[in-house]
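The next part holds the structures, each set out as structure tokens.
Next come two complexes, and both contain chain A; in the first it sits with chain B, in the second with chain C.
Our next item is the complex of A and B:
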């Protein structure tokens, strides 16, 4: 029964939103506008569910002293502090700004920055012209890189033009192929879902 | 010798990279930045905006790519301030509103006032579906701005109802971070509402955006830190992106040199092995 209701909701909502895109029919357009306005509200609930989930998982890690439970403790402590400051003083307050810009942003930037070191090391090990395909990838990658950074022009003035050519022809052709294929695939999956040919997640049927 | 080089300790590479990053900062190394046509195109789009034009800036990136996106947005905001544009910040990524608060300070420092020249609307949930709802009716998604002020009490929100009320949309996008991707903006704003879309991307995203540039669905692209530096050159105000070009050049030079040496070493080692095998075969 629950699955049938889910399928019916999916059919009505899917067809409604699709027809709304093509038709100017005020009753339909108004109804779909209302449904669309519900979406951010429904999605916002997932943030609450996510928060509860984080607390439950990490509470369990601490209670059972699982491996790296100290990280769970740090996470829960900062979760509680940030939530408390956000709710009591607002997200524009000085304390919230310190928590965000001086801790979270700095840690996030550092983590991303560390990636550069791993990329440099793995590029040295992995970018080997062992066959024709790998050689083509290497040459194209190096040419685009040299065309994008200022020092490439100092080596040879033609690098930016070569980089543009690679981006505008071989890259564009491949990207378009991927886009068209994924677009058609996306339509097929959507139609299967709307008309009930695909299994709904969590259903017993 | 080459065998040892090929199994080089990663810590040596890390050390070399740190040196390559630091040298430009201590030597004041400057590299020439040539302005690419795509950045010039983006500059011309903003230059052609009428005074008081309403511009959306969507912060569709997290703090992971903040060092790449912030200089782009600071350069764009500097230019928008000169064009007297009204800036409406929003975000499809949860980190976006706070990142917007940071860059909007640039706009404030240029004499612009919150509520009349700029507003931070905050995060809209729901990705593509959320954006679709926002495009139809901005107030169906936002009731207040990030600071909790009701939209009806914000002077610059008076004539804003749908996405069609904006002269330009700028999406600072870092790709799949759970927010609205470039193709989502095209599907929900450019195709149904004929909106003008300009994008500021992390360098890694540029190849994926090229089809939309050629189809003219995107009116301008400022790509990566390099794009930010080019924009700063065009705007005549060198900033963080221009300063970072030295470090970017030296690190790319180091990586390319390592790749080249790695390939030479690999080729010499393979050749040596095949000669040895040939000699064994003759014996």
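Our next item is the complex of A and C:
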């Protein structure tokens, strides 16, 4: 019964949002705007569920003294501090900004910086001309890289133009092919879901 | 009543919907659609078998995207893979760790995993920490996965869904941890990273055909056939459009803008 209700809600909401995109019909447009305004509310509730999950898992790690449980302790401590500061001083306060911008964002940027080394190690594995495709990848990759750095221009003045041509024609054509095919796939998945033909719906029936 | 500039899109959607439902109707009446072999989906079974033999966990992630964004179909397609993987894990007694980055995705993921274990009659075997919320910040999530891959000695790392800048970070960490890896995304900027690092990759729209391939459900195969019709029409329009543009005839371009 619950599954039938959820399917009915999905059908009405899915068709409503789809038609709202195409039609200028004030009653429908107003109704869908109202429904869309509910989304942040629903998301906020689901974040609370996620937060509870984090607390439960790390509480368990500490209680059972699992491997590297101290990290769980640090995580829960920061979780509690951030929650406390956010609730008492607001998310625009100086203390909250320190927690967010001086700790979280900085840590994220540091991890992002490691990507350069990961690119180097993965490129080293990729650029081995084991077969024709890999050889083409190697040649194209080398040409694009040499076109982006001053050293490439010193070797041959044509590298920047060759690099641009590879990026703007073969590369872009392939990317657009993927995007168009994915767009059709998007529509197919959405239609299957709206009309209740998806495997993940009512799977607990 | 129809908003100018969206008429052609609306008609395209109607035609595509008609073809998809038509093919599904044919399948319901007994017509059997064939689907080509997709190596990455064969690899999925290989990955599950590997983890089972090694007695180590499987990690599944759909990426950092939320269900309440325009990229929701990627996540929904990903959840269909998760449903399959969770069912196989439940029946084979393999540990599954599904990580999520968004609250709304967490609720859906938990439901999909729980339902899969229930279907296999193994609800009592579902660990409390099978689905883990790691945080919605991109690199918080990525570093969380990295920790799980290394600390819990994950045997198979499945990354199918909407992947962005964290692709390389997670998949390279998986490679270093010795994981058997399957990647899948339709984000063209991230596909190269998956191709370079993963054992198997679902390319672009293959993401949306996986559920039908894995289940061999006639109705779902019918939907994929309808989807392929849409792609064929798009390819024909591209060729015709290119020729007309070269001849400086704006007919098709104007039609698409209508």
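What we mean here is this: the second predicted complex is superposed on the first by the 189 of 205 C-alpha atoms of A that agree within 3 Å, B and C clash if a C-alpha of one lies under 4 Å from a C-alpha of the other, contacts with A are read in each partner's own complex, and residues count from 1 in each chain.
We take it that contacts are C-beta pairs under 8 Å (C-beta built on N, C-alpha and C of every residue); 3 or more make two chains touch, one makes a residue touch a chain.
These numbers come from a predicted model, not from an experiment.
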Partner chain(s) touched by A:57 [first = chain B, second = chain C, both, neither]: second
Which superposed partner A:197 touches (first chain B, second chain C, both, neither): second
Which of chain B and chain C A:181 touches, first, second, both or neither: second
Partner chain in contact with A:128 - chain B first, chain C second, else both or neither: first
First (chain B), second (chain C), both or neither touched by A:33: first
Intersection of chain A interface sets (partners chain B, chain C): 21, 39, 42-44, 46-47, 104, 108-109, 111-112, 119, 121, 123, 125, 175, 179
Residue numbers on chain B that touch chain A, as the complex places them: 8, 10, 13-14, 17, 31-34, 36, 62-67, 94, 97-98, 101-102, 124-127, 129-130, 132-133, 136-137, 140-141, 146-148, 183, 192, 203, 206-208, 210-211, 214, 224, 226, 229, 245, 248-256, 258-259, 262-263, 266-267
Of chain A, residues touching chain C in the complex: 18, 21-25, 39, 42-51, 53-54, 56-57, 60, 67-68, 71, 104, 107-109, 111-112, 114-115, 118-119, 121-123, 125-126, 174-175, 177-182, 184-193, 195, 197-200, 203-204
In the complex with chain B, residue positions of chain A that touch it: 21, 33, 36-37, 39-40, 42-44, 46-47, 90-92, 97, 100-101, 104-105, 108-109, 111-113, 116-117, 119-121, 123-125, 127-130, 138, 142, 145-146, 148-154, 160, 164, 167-168, 171-172, 175-176, 179
Contacting residues of chain C [partner chain A, same complex]: 1-3, 6, 9-10, 13, 16-17, 20-21, 24, 66, 68, 73, 76-77, 79-80, 83, 100, 102-104, 106-108, 111-112, 114-116, 118-119, 128-129, 131-140, 142-143, 147, 151, 165, 168-169, 172, 175, 186, 188-189, 191, 193, 195-197, 203-205, 207-209, 211, 215, 217, 219-220, 223-224, 226-227, 230-231, 234, 238
